[in-house]
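Submitted below is the structure of interest, expressed as structure tokens.
Note that the chains are named A, B, C and D in the order they appear, and that numbering of residues resets to 1 at the start of each chain.
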Amino acid sequence: MSKKEEYILELENITKIFPGVKALDDVSFKIKKGEVHALVGENGAGKSTLINIISGVFGPTQGSIKVNGKEEKITNPSKAFELGIGVVHQERNLIDTFDIAENICFMDISTGKNKMKDKKAMNQKAERAMERVGLDLKPWQGIEELTSGKKQMLEIARAMCMDSKVLLLDEPTASISLTEADMLLKTVKQLKEEGVSIIYISHKLEEIFEIADSITVIRDGKNIGETLSASSLNKDKLIELMVGRKFVTETYNNRDLSKEPVILEAKDISSKKNPIPKSFQLKKGEILGWYGLVGAGRTEYAREIIGIDPITNGSLLIKGSEVSIKSYEEAFQRYKLCYISENRKEEGLFLQHNITDNVGIIALDQICTKGGFISYRKQNEITESYKESLSIKAKDIFVETASLSGGNQQKICIAKGLCVNPEIMIIDEPTVGIDVNTKGEIHKLIYELSVQGISVIVISSDMGELVGIADRIIVFRDNEIKGELENSKDYESMSTKVMGSILL
Amino acid sequence: MKRIKQLLQADLSSVIIPIITIFGLLAITSEGFLSSYNMFSIFQSVPIFVIVGLAQMIVLSLGQMNLAVGSIGVLSSVVFGIAMQNLGMPTSVSILLACIAGVLQGLIQGVMVTKSGINPFIISLALLSLYKGLALVITKGQPFSELNAGFSAFGNLKIVGLFPATIFIAALVSGIMYVLIRYRKLGKRLLACGANGVAAIYSGVNYDKTVIIGHAISGGLCAIAAILQVSRFGSVQLSIGDDWMLTSFVVPVLGGTLLSGGKVNVIGTFLGGFLMVLINNAIVLWGVSSYATNAAVGLILLLAYEVDRMRKKMMNNQAKSAVEKEA
Amino acid sequence: MDFAKIRKSNSFSVSIIIVFMVVVMCFFKRNYLSADNISALLKVLAVTTLVGVSQMISIASGGMNVSIGSVGAMAAILSGLLMQNLKVPVLLSILIGIGIGVLCGIINGLLIYRNGGVGVASFLTTLATNSVFIGIIYMITTGHGVSKIPDAFVAIGSSKIGPVPTSVLIVGVLITLVYFMFTYTSLGRQILAFGANPKAAELYGISRFKTILSVNIIASILAAIAGMLVVMRVGTAQPDIGSDWMLQSFAAPLIGGTRQAGGKVVVFGVILGALVLTIIENALVHLGVDVYWTELINGVVIIVIMAFDRLRSIKN
Amino acid sequence: VALAAGMMAGCKGGTDSSSSSSQTQDKTAYDQSVWKDVVEFGAVDGKTDKDYAFAGVFGAINSYSDPMQGAADIAAEELGIKATEFDAPKDWVQNDQNTILDGLIAKGIKGIYMMTSDPVAGNEQISKMTSSGVPIVCVGGSPSTPSKATLTLATDVYQAAYDGTINLIKAMGETGGVVGLCGAVTDTNTQSRMEAIQKACAEYPNVELIQIIGDIDESEASVTAIENILAAKGDQISGFISTCYYPSVALAKILSDERYSNVHAIGCDTDEAVLDGIKSGALDGTMSQNPWGQAYLATVTLKMLTDGWTYKADQDFLVDSGSFYITKDNADKVEQTQMEATMEMAKTWTDRFDAPAK
């Protein structure tokens, strides 16, 4: 066996130019059979673009791809699948009107492999695939009701059942819980045993060190140095390679909030969808963490509070007086209660609009002159300032948000929440898909907000994140509040406590 | 050369370039084209096209369609006719009542679309029949022709011997719509609801209210168009609006409005109306059989997409090569 | 069968309304269910259903097709002209008519694909091609109908197989084929997937080009057949065939429960939707409703039906 | 291929008619015509050929107007003026017609004979054109009065529908039920036709007007409506009166069925399909008007008006151009009938005008 044949996939001098940006600039690396190859880099570095090129979504401007030592033109996705390249893209790509089995066995449909649909065989195949990723769902179920975590697992199940030789996973664990992520990593390891090569993208560096054999770092569309073996690196060094400078994590000290007034109080709130009553208190200037596994009911609870799902029982007090919020508009305009959704594509952004218009719509009051006319100068100023402080990577503020990288889209959602000067803010999964560096920036921003007296609820499935910034953590499970803990800022002890309250 | 390139890239180029081309060709090939009679006639047709186009545009901006533009026009003009002819109201009051009627019809449509949960397309379809039917039942098909003479004269009034008075109304309405869409909160909210309704709600926009207002404005614009049409015809005609539906889509689309919602172009719509009228004029002046009118309009529409595609491609290429040069 | 599931479906509530309408009509008009009337109803129903199914396929793929009527007219006029002027045999003319459907479908499909593919693009493009097709038809015919259609051709429309009019049978077979396509073939599932989420579908190997092209070809074939059915029914091929198909083509599938945004179809629901439209038209004549009232009643009935359907689904 | 061939045919049809000979010097046609020595040949002093560019514009594409351009060109040849143009909007839409009219005038057309797409709304356009010096003669149907058009050459729509219904009732043996079939109910002409049908039926005690169905001037809608009414009230129906094109064609087809041999029907217009229906016995007859004569006389009138003739103030605005009841007997001689009647009118046509001052 010659040395060349060892590589199952070789990328040579890949360059990709989009109108206005050079997303990839002369990137090359090679992947051996049966290895887990991690791609890391900041938001907008070009990782997803690379995945798209390998999987045939679009072609490279320059450069070539070799599969099994043979140069291939991967002009469309089907071609990639034929070559044995399976993929889970960064964004969810399920067919809402299809049931689970059809979604999982989607490749059979799209390739027209089995001409007449054999429902039974398909169900069995789907069940096997779900078993592999630890999903316990019925194959004939619809998918519209599933939580984003479940949907993510479905996508992975779909990629698994493609029998691919190369599997591309673009941030597969961004929106799933720890247990699910563990399951996934286990599956990845098992696939590796079976000889499947995997390209793995994640901003969670712990995972990378857990499974990756080799690591390629991408910064501003270029690969930084050669591919490195995972064992030769540690976390700090990796971050330094990614960011281009030394990275310091800030720590936020515990504060004494006992004298602060309670600004938001929920007493036994429940809704039709979610009948278990729940209560909590939020103090002025406090950062309250809501921890829970995917599907624990945090998002739903938040929706009740902000008036989107009607409350059937219980009462909500803002600054001590009982309020009844009929719509989010009311919560937003009247009580300065602001919510940033975890679902940026559907609930956060106007993808066809440019960045500044996306920010402007939520800040109408700030950008209007006295006569009620919109000042685009003000709108652009505000947007520019957030582009700066959140280091949003875009040519300018007039590019369509659809063309931004996932992480940068998330940053715009955060900017939208920040620019309205709320009194209470609920941020749902603020750092999903955000690189380490910016994650720190966002934490800092949240902390600064709380210092200014704004109360923040951070919903997160990332224990480390909550331990880092929260003053208090509420733990959710199965639509119930299972416990409430003061944050000791010590990850080890906190996670044992939290796990304890979840298990109870 | 660079200038031309820049012009080709401007947002409005896909409507301005055809206008200039057709205008130039007509001026060269057809001696009657620049006559004051013809110019006046062209300008006289523009207002209805533009305002009906705007009425559709505002609903398109919400990502919906208003199939009932014509019917709203008829029923509003019937209200106008009743007010003026049967009740002897002064012109201004009659106009006001007609506009109120239009707004009301739009309002009903908006409320049904947002609150009933019935498929918006079907609602619009049903209201199309319902409004027209109501107009027929009220009038038994009879036109109103005893209108205020001054009002009828207005529709055919010449200013500076060239411009019909109505074109100024259209310009005014377009101006107001431009400001509304671009510089008022409402405009931003409309576009937000059209681009992504859920995200709009999460941005603190009252979705239902915005959609209802959008439909109401659309209804009001239909009424204005109907009144202008009445003043041109000198009578309230039950067939007013029968031919509006296609126009209402073609005009804003020629002008660069995105049918999926979220992006509109008021100036483009104005120019789109002008382009439509020019095309129609060219067909007659060039002696193309009117059997071919339809084919020509269709081809021009296809051509407009092609120009738009070319423009985008050119912009992309240029942006790409700019990146390459930088490197 | 699962009765609870049926009861919850949109088709169930539309069926209730249809039964209700028929009962009311029978109450007012003894002879409402006469053989004559049923056959009159069925003949119209056949065309309306076919037109609805044609549109449903476009809707399923996330698009819209406003050129159905002109494609139907194109097939009708051209096949009619061939039979009248060149004495082309009936069967061959029908095949050519279908071929014209294919051709129009290809033109539509290519242009839609070129202009971007889904919803917006398809509406705009077919708006334009519709104008072009109509223009061509009027240029060919100069507005005159083709009146000397061979009897053999017209006979297909008036003949019956057993008690069932042939046209109904043809439509029955076609709609069943469409049902099978959507339920059992990859193409059908691909169209639905593309309609529900074009981006995801494309990322996972469904060809945008092939899907759009096949959708438009199939839809146009159905439209062409519908156009020829009209000729069989009317006895002449008039250039105005299909001029009022646009609205009913949308109304029939949407009333029948097809998802407007694409991705979900209720194939046999189209029949119910078409039946609703046909019965309204028929009942207005039966009841001798004053000409000025017909439009109004039309609108009101459609709203009432949809409101009823809505109320039921809320209760469920 | 068929498509291309068809397109060619269509285009040829268009060019043929517009480029037909405009020999102004050949006087033979003039010498044989009734206009010899009454109306001057060719351009009169001070005017040029260009001042005699006339056009016809119908209310919509309709088989009614088929003979018009031919008739107008015969008149043009006889009088030594340019061949005429002819155009019509696709549908009965006044705005579209206005576009055509304005375009023609911009192009240099100096006189127009026309039928308004809408009788009321078209009037304002007529005023606009006449005030810019273009004489207008209306044909086919009258615009609402008062109108700025010089005169209208038409059959009174009310009268035609009335006569048609009377003919039907006579064919029915003055007893039985009648169904009326009409076009767009928003058209005032349709409204007077409906009144005429009602009035005619009311005059006969044994005749009952069962129903008038409107808004069905479309090929499919008309068939559906007729089938529906036959199914609903077939036993009461003895006759149909159709006042528009498509229902007439539909009647010709549906009533050819044996079962309906007892049902009488009168159509309108003289389209091939309708005439075939008469020959086959499905229809009793059709009410034909005189489009040939209308266009012929209108063109002559335009020439006269340009020459300086004026329409006498005491003459009626609406000039009856005749209407004919076409039955099996004269179905083959429709155009001939029209031409004969026209020539009869032509003999005294100039009497309606004041001659130009010499």
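As a working rule, a contact is a pair of C-beta atoms (placed from the backbone, for glycine too) under 8 Å apart; a residue touches a chain by one contact, two chains touch by 3 or more.
Remember, predicted model here, so these are calculated numbers, not experimental data.
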Graph distance between subunit A and subunit C, where chains that touch are linked: 1
Chain pair, A-B or B-D, that carries the greater number of C-beta contacts: B-D
Centre-of-Cα separation between subunit B and subunit A, whole angstrom: 43
Centroid distance [mean C-alpha coordinates] between subunit D and subunit B, Å: 35
Interchain centroid distance [CA atoms averaged], subunit A/subunit D, Å: 72
Rounded Å distance between subunit B and subunit C, as computed from the means of their C-alpha atoms: 30
Residues of subunit A engaged with two or more neighbouring chains: none
Junction residues of subunit D - those touching two or more other chains: 10-11, 14, 61, 90, 185
Multi-partner residues of subunit C (each touching 2 or more other chains): 134, 136, 138-139, 142-143, 292, 294-295
Touch-based graph of the chains, sorted into line, ring, star, complete or other: other
Set of all touching chain pairs, with the criterion as stated earlier: A-B, A-C, B-C, B-D, C-D
List of subunit C residues in touch with subunit A within their complex: 183-187, 189-190, 192-193, 195-197, 199-207, 259, 263-264
Contact set on subunit B toward subunit C in their complex: 67, 112, 116-119, 121-123, 125-134, 136-137, 140-141, 246, 249-250, 253, 258-260, 289, 291-299, 301-302, 305, 309
Sites on subunit A touched by subunit B in the complex: 17-22, 25, 61, 308, 327-329, 332-333, 338-339, 341, 346-353, 357, 360-362, 364, 368, 372-374, 416, 420
Subunit D to subunit B touching residues, read off their complex: 10-11, 14, 18, 61, 85, 87-96, 98-100, 102-108, 118, 120-121, 123-124, 127-128, 132, 144, 184-188, 190-191
Residues of subunit C touching subunit B in the complex: 111, 114-115, 119-120, 123-125, 127-136, 138-139, 142-143, 247, 250-251, 254-255, 260, 292-300, 302-303, 306-307, 309-310, 314
